[in-house]
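One structure is given below, represented as structure tokens, and several questions about it will come after.
In this document, chain identifiers A, B, C and D correspond to the written order of the chains, with residue numbering beginning at 1 in each.
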């Protein structure tokens, strides 16, 4: 299998699994995987597709500017520029962006703070942090409708080969060295969000119980 | 494949996917897809079927009055008249009606207001609205048991090729140019409902946390 | 296909679907379907099986006393006597008993009242009630550990060919003329429970929003 | 089929089912099944795998110290020592450890108490307790990052052939005589946790309704 075909398959498997959880409702979300470093090329989801379906037009290859490498009628995802920032600034190999109800509510609850910090949770070890009282922080940025502006704001928080950013009332973008790691980080964040949401509700309730 | 077979397949695929989410509990919900414009004919779900199953009797072809085009023992969905209003008044090609817990609770919470408005949410772009501070509104109508009266009330809000109406303590009806678009709109609305429900619960809880 | 094989298949299909929703956690729940009227025989789930699996030992045929018709090492479900009461007192053809989180919380919230009443909900039409302001009531009985006593208490509420009873902190038992109808009723009840649970939470929250 | 192959298959089936419920997010969780008693050997999940996938490297055979029986590049789960404690101290044949949102929130809500007790719930019969007013208790221990310390603390609560321990903000470990029983207990606990979480929220809400 060619490198391109191998990366396509990896990204398609992640897409199918996340689609099964309904993390791409209403054609939302976008995914990418790096194919070559020099020159930089990566596969990114084509715009406006139903990600529950698996087709030969799900992804297209784009260059360091986010433009298609070959002539195609497919349009790269509207937010391809965010993926460009990740691959230009880090050694990451895969980036996943999904809208979920819980990541949206966390982004709104803590949006004015510009970040949210989680601690005392075993799942934090998924990020390779092994201290007992470890804390992990995710920045929350404003959801600029103008994608170049959003990408610029986003880029300020892209300073490691692994990372994540919440865009307010929009979703999370996670990146890691490959599809396996990016999905692992994404699942850890979503667990933290769901746990935190439920605990906030319950700590209130238990006080009155 | 004939046009009829093509439309049947499209509608069957949407039905199977929504059934997988349990959006048709207790034989609730109904779906339709336009087949011809002149004369108007459309496929609509047969009444009283378990939509988790896929059979040759899931849909039947009806005319501009909602009556079967051919002699059949199948009965069109009891709410076929609502679909008639959509195809008579707009260029829509598909209409989906589902009961979900979250669309029912939203319809009850805001039922007295006659509408609910959502804003500052990325998923609103699924409706083709790209402004940063966009808002989107869905009317909420009374759930008349008399279907012709319900259809008449419903028709007042059918004034575009794409749209949606909430029927109080009943469900949502969404329409769009084809099955792809109608499903996209439906998923966007359900995301907004679920997000809003959870945020209402949490904003209360966070105040006390 | 023999009548027995036909009924087995119908019950197996319902079991598989409900198991897919995790409505039989921890080997809970039991199902039955009538095979013959005179003498009364019905298939009932064997005790202690994992209902996510499909095997030739999932059900066994029992008589009007709930005893196996043929010599078998299988034991009928511990609660077979409740199914006996249904088939002895009504013309029902199928009975489904499941534990869900929402039916348990409703049974606890309203347990002291001995019943809960729902109204103004479209899904009530699934019970064949078409009035606009229809209400529907489900009795809630105490969860006696002694099954003959439980069956006796249960029997007081078995007075129609279709019906349902909540057993407090235990689950719901629903019956109807056949597997299709019993499943339809069950889904309608579970929708009502989930809707009501969420609305109770939200009505409180909205007041403070 | 060899005994090893039989046990592998049993554990793989449980893994696949729990993975389908997303109980192993972010490579969390670990499972084991005993193969021989003398000397003690058991299959345990290899560290760092995506448990949604089924491969020939999902499990490896370890000895009474938790070390691989044969030379392998696979690493046993980081928490293998907890499984060692179970097999050394009891006749259990299978142990399951999963992170869920609800078991984590329960562990946090009652963590300071060191335990949580549930009563008046039918599902308690899954533990083989048949009294009408039965109560069941699960200890909650601190989540030491140092695994030998965690295993030592855990071992204090391993005093029966069936049992369960909650590790605070980490997850539940359940053990039983075989894969069937361990999964049954796990499902019963998760039902109790989800029920209790929802009831806490609702009892507060109903008071204000």
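Things worth noting here:
The definition used in the following text is that a residue touches a chain if its C-beta (ideal position, glycine included) is under 8 Å from a C-beta of that chain, and two chains touch if they have at least 3 such contacts.
This is a predicted model, so every value here is computed, not measured.
Any chain bridging subunit C and subunit D, meaning touching each of them, is missing here; the list is empty. Interface of subunit A with subunit B: the two copies contact each other largely through different residue positions, with under half of all numbers used appearing on both sides.
Between the two copies, subunit A and subunit C, the Cα superposition rotates by 180°, quoted to the nearest 5. Work out the mean CA point of subunit B and of subunit D, and you get 43 Å between them.
Distance between subunit B and subunit C, defined via averaged C-alpha coordinates, is recorded as 30 Å. Under the contact definition stated at the top, the residues of subunit A that touch 2 or more other chains are 201, 203-205. The set of touching chain pairs reads A-B, A-D, B-C, C-D, using the touch definition from the header.
Touching subunit C in their complex are the following residues of subunit D: 17, 21, 120-123, 126, 130-132, 180, 183-185, 187-188, 190-191, 194-195, 198-199, 201-206, 208-209.
Residues 22, 25-28, 50, 52, 99, 101-102, 104-105, 108-109, 143-146, 167, 169-171, 197, 200-201, 203-204, 207 of subunit C touch subunit D in their complex.
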